[in-house]
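Here chain A shows up in two complexes: once beside chain B, once beside chain C.
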Partner chain A sequence: MGGKRAAKLFVALHLVCVLVPLAVVAVWAFTSSWPWPELLPQTFSDRGIVELFVTSRDLGEVLAVSVGISLAVAALSTVVAAMAARALVSYRFFGKELFRFSTVLPFLIPATVFAMGVQVVFIHAGLANTVFGVVLAHTIVALPYAITIMSEVTAAAGEKLEQQARVSGAGPVRALFEVQIPLLLPGLLSAASLSYITSFSQYFLTLLVGGGTVKTFALVMFPYLASGDRTIASAYGVLFMAVTLGVFFLFELLLKRFASAKTEYFTD
Partner chain B sequence: MSLRGRKIKGALAPYALIAPTVVLVLVFIYGVVNGVLQGFGIMPFLGKTEFTLQYYLEAFGRADFTASLGFSLYISAVSSALAVVGGIVLSAALTRLSASRALQAVGISIPLMTAHTLVVLFVVSLFAGTGLVPRALYALGLIDGIGAFPSVVGDPSGWGIVLVYLWKEIPFVAFCTIAIMANVSDRYGEAALTLGASALRSFFSVTLPLCKGALVKAFLIVFAFSFGSYEVPFLLGPTLPKAIPVLAYLEFQNPDILNRSYAMAINGIMVLICTVLAIVYFIVLQRERRR
Partner chain C sequence: MAISEARKGNDGADGAAASELPRAMTRRRFVAVASTAAATMLLGSALAGCSNASDGEAASGGDAAGEVDYANWDAVLEAAKGQTVSWYGWGGSEPRNTWITTVLAPALKEKYDVTLNLVGMDINDILTKLSGEMQAGVEAGSIDYIWINGENFYSTKENGYLWGPFTHYLPNFNDYIDSESNEVLYDFGSPVEGYEAPYGKAQMQMWVDSAKVKSTPKNPDEFLAFCQEHQGRVTYPEPGDFAGTAFISCLIAGVVGKDEFEKLSSMENPTTESVKAVIEPGLEYLRSLNPFLWKGGATFPADAATVDTMYADGELVMNMGYGAPEALVKNGTLPETTRSFIFETGTVGNSNFMAIAKNATNKAAALVAINEVISPEMQLSQYEELANISVLDMGKLSEADRAAFEDVPLGVTQLPIDELLDHRIVEAAGPVIPIIEQLWLDEVIGK
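Our next item is the complex of A and B:
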């Protein structure tokens, strides 16, 4: 079988490229001195961690606000996208192609342009510097990803089982919650997970819409990345990865749990 | 409910389903258009309502703008082309190995989850003057000293910026194609092989054409993203030329409010370029659906 060795080599190389930087940053977070040209750090310290959790007192609040905003964005964009996907997959309606085109726009027109343009509008609407404004802006940016995923999953799932349930006497609400949603669950979770990530790492949009009043983790972390203090920057980096990975595994766990329950249900 | 009532309800259902998306997309378009209008000098909140092309002309007359536009287009073209090539190889390699979910999580999901700003930190930790790579090269005797490695921050070639985008977007392109590739390999892979086609040939004649649409879409997304993103070129880019979004934000922040119009003219040019990309994306999407 040709190419297997090359494939192995490439994947191994790729994994090194992904994991080595993570490891280096994790080491830097606990390093106090690493003079040139040493290959290993010379002394370690907890300065980065102390700075993170003690000196910057509002870290807990920042994290809570960030995770809260991103979870809200994940929920909102997934539900909205699932509805849009259903319309795109199962219905014919006037203006459908125009609608489809418009959902693609936030993919391709940069968030920076949107952010600078919408700032005045949000100020006049009283949405600037509010958590709600940030959630709204993030949801707009996350939506195209969620709609793409949901359209694929909705088309793949079809409506047969839902219709069968209806014919067998289930009401529309029951058919939706007991048949269609479990069927779409893997898609719903991956749309939510991608929306969460998109929101959690948003810097520029949060800066302009939140005006520095709504402090998210990506916002607080940024000045440290621009400064030269690598220990503190790395400590922030490690915490960012820990929080994101934590949420990712939560989604994976949910998927495993409910997806396995689903397959028992629907295999015939 | 009467038959007629049900029919009306059925006709209204799709509009009810798309309503929330329409509202969100309208906010997006309103924001973008509002910005673009400011570029034409229309700023009602300042009492200015007269249409002018002055700021656009000013933009194209300024050497720093044209240099920035060239720089951004170059960074995006290089990053997205290399990301597509790398993404194809990664996706094919993972498919070839029937990679487990865990392997895919590390190879694809972790890069997808990592913020671009963090990837900047990765690249700096590895490649800056005192980073790990120059240290290793020095230890191997390949470079002379601390300044001998080309600078990753502020270099006019922007190689640090490209590296950040590749770290993020190669896995993104793989993410966009891996489901199709796995599907193809399940369905046709065996057949092609038993019919005597070499693995490489069946890849180029069967798998790749089937991925074409997904690849064009991924290319456009990566291009538009790297073209319009602020953080990475702000942190790693050269002082001159600045990337377009960095230049636009600099003018946007200028206390002289007239510079805001200039910033918005720059944004308007970005919108124009990206709208072309969006139309191409949509055409590809339509073709895929017809198949």
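Our next item is the complex of A and C:
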């Protein structure tokens, strides 16, 4: 009983820690002045809303480009990560440990240094200032997260069921799509979500590789964060959260739809 | 179950041969698929590289064939038609961004069929991007022109990243700007030589909420008393930040005198010793302030944005910046009772400029856009909307234009332009600034 109550308390505490700052951001989006020691905002302003929906006339386009890029990154990095994880978990090949190490390498290099290197290489390869270049660069950053998740999930899922399907006469493609992928689905969606959010919040890399030609949401929002204009930064922040939550909700729906009752295989 | 466990173990053991055919096949297929993928990627990027190279040649070839005669303004206007020009600059000011997108951009579109693409970034990010493109030899760069000044201008010009001289092509520059004035000839002490056109003039100002603070300091001595009165509620951004460096410059100039301080603006080959010889009494004064500042002067806010929010939150009683906070009062961030002041000993001021990148793709459109920014009409609009001090020579304007400037009512936070310009101190030269900042780090903070 005591344990249960403590658990409830922790959940409540956690919710407060997460929701209160979010609520403050939401309030700030409509506030122009909230000085200490006032408990409530003193003056309100529609500046944030005007900036979002009137002044920046290309917001819809920017959002579409951002979400498109991030979804592409999520798809690309999840597929690559799933394949890499399968290679790491199930196969032995020359240089495997080196490969394993290199998958987390982008974690270890400072983002700024990495971005400058990518910029120069992409300029030579003709990928600079293109949407495809931005997708590729984001994918490199998102991959370590996706591979780490997929390695765990792939190892946990094992190969037993896939082999069983093969033994029962299913072809490799059918075994993959009807057995292994449903088994990995929760991991695939986690990897996709994390890749999505990693891509959606990239600023410096997008700036260098996309060069202002490819305008993403983070790129438009960042100057306001940096200059301390809280009303406008918060308005952008609220929209950022809404869009991200919307996409995650979609992922969640997909998971429910395609993975119902299949996850019980994990419990063998 | 057991079989598959065993297989797994076997698989992990050293020397596990490819005894099982299906596994060997799969592995081989894996390698084949992987290498095909790698080859595809390589081929793809090689192709992309090729097509880009030919693009670049085509573009530069076209450029050479249709080289615009920039000295002929009609030809420039003709070439600019239909171009999209990218303006890179600091993007953190919502009133300024709004002015550019709602006043300047429509005017450019309507009058000259030039589309303006404003890319608001931190100047350091812009310069990183520019140098990356220049070093990679990109001929059709993504940056057309840049809002720039000071040491950033100095270093980009030194590195050959700027295109010019170009200001003599601009009709409005020739007609309305005093090209012999020091503010136009020099940018933080380094000669401009036609590589950038002035955008606006800025001068350091301080402000308080007059409802809470009754009297404002008029010189460094009074400022010390002011800090004592409001102990722990006054500070300045750490020098290195534009506003922080400018503010300590105002105080140092107040202590050592305007003439002595302005020696720093023309100092050649400055050394730590030569700079210190000039500003030593100022450093001494700054140390004496520390005990009464926020956190006892042991630490300072990292940048002006932090100080701005601390002031807006009521944590500080005084704030400072280049220009009056009129826009912040208008949009309700600061109260109507906000009032600006300057020291009678003067405050530092500078001009900020627009420069064209050496590899700009749309140079003609950049010239047209810059020319428009310095037109009397747009300078007046900037003065009205943003309280930006104009770069135009009032003596060269028509009677009607001059009257229009004079008729603009001053906002509650704005000081008359004459009062500002009469108390204007020339900023230290670009190479001197980092030395002052280092001296402050060594001898002021925490001392």
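The rule is short, and it goes like this: the second predicted complex is superposed on the first by the 237 of 268 C-alpha atoms of A that agree within 3 Å, B and C clash if a C-alpha of one lies under 4 Å from a C-alpha of the other, contacts with A are read in each partner's own complex, and residues count from 1 in each chain.
The criterion applied here is as follows: a residue touches a chain if its C-beta (ideal position, glycine included) is under 8 Å from a C-beta of that chain, and two chains touch if they have at least 3 such contacts.
Note that the coordinates shown come from a computational prediction; the quantities given were computed from them, not determined experimentally.
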Next item on the list: Please indicate which partner A:17 is in contact with in the superposed arrangement: first for chain B, second for chain C, both, or neither.
Entry: first
Next item on the list: Have a look at where A:143 lands relative to chain B and chain C in the superposition and call it first, second, both or neither.
Entry: first
Check: Where does A:200 make contact in the superposed view: on chain B (first), on chain C (second), on both, or on neither?
Finding: first
Next item on the list: Using the superposition on chain A described above, determine whether A:60 touches chain B (first), chain C (second), both, or neither.
Entry: neither
Item checked: chain B versus chain C as contact partner of A:47, first or second or both or neither -> second
Check: A:68 contacts which: chain B (first), chain C (second), both, neither?
Finding: neither
Margin query: Under the stated touch criterion, name the partner, chain B or chain C, that contacts more residues in chain A.
Written below: B
Check: Once the shared chain is lined up, is A:231 touching chain B (first), chain C (second), both, or neither of them?
Finding: second
Check: Between chain B (first) and chain C (second), which, if any, makes contact with A:246: first, second, both or neither?
Finding: neither
Notebook entry, point to check: In the superposed arrangement, does A:212 touch chain B (first), chain C (second), both or neither?
Noted result: second
Notebook entry, point to check: What part of chain A is shared between its chain B contacts and its chain C contacts?
Noted result: 36-37, 87, 91-93, 116, 120, 124, 204, 222, 226, 230
Item checked: Residue numbers on chain A that touch chain B, as the complex places them -> 1-4, 6-8, 10-11, 14-15, 17-22, 24-25, 28, 36-39, 79-81, 83-84, 86-87, 91-93, 96-97, 99-118, 120-121, 124, 136, 139-140, 143, 147, 194, 197, 200-201, 203-204, 218, 221-222, 225-226, 230, 233-234, 237, 240-241, 244-245, 248, 252
Item checked: Contact footprint of chain A on chain B as seen in their complex -> 11, 13-15, 17-18, 20-22, 24-25, 27-36, 38, 45, 89-90, 92-94, 96-97, 99, 103, 105-107, 109-126, 130, 132, 135-136, 138-139, 146, 167, 170-171, 198-200, 220-221, 224-225, 227-231, 234-235, 245, 248-249, 252, 263-264, 267, 270-271, 274-275, 277-278, 281-282, 285-286
Next item on the list: Would you tell me which residues of chain C are touching chain A in their complex?
Entry: 1, 4, 8, 11, 16, 22, 26-27, 30-31, 34, 45, 48-53, 55, 86, 88, 90-94, 97-98, 101-102, 117, 119-122, 125, 128-129, 132-133, 135-136, 138, 142-143, 305-306, 308-309, 312-315, 331-335
Check: In the complex of these two chains, what residues of chain A are touching chain C?
Finding: 32-37, 43-45, 47, 51, 55-57, 87, 90-93, 116, 119-120, 123-129, 158-160, 163, 166, 172, 204, 207-208, 211-213, 215, 219-220, 222-224, 226-232
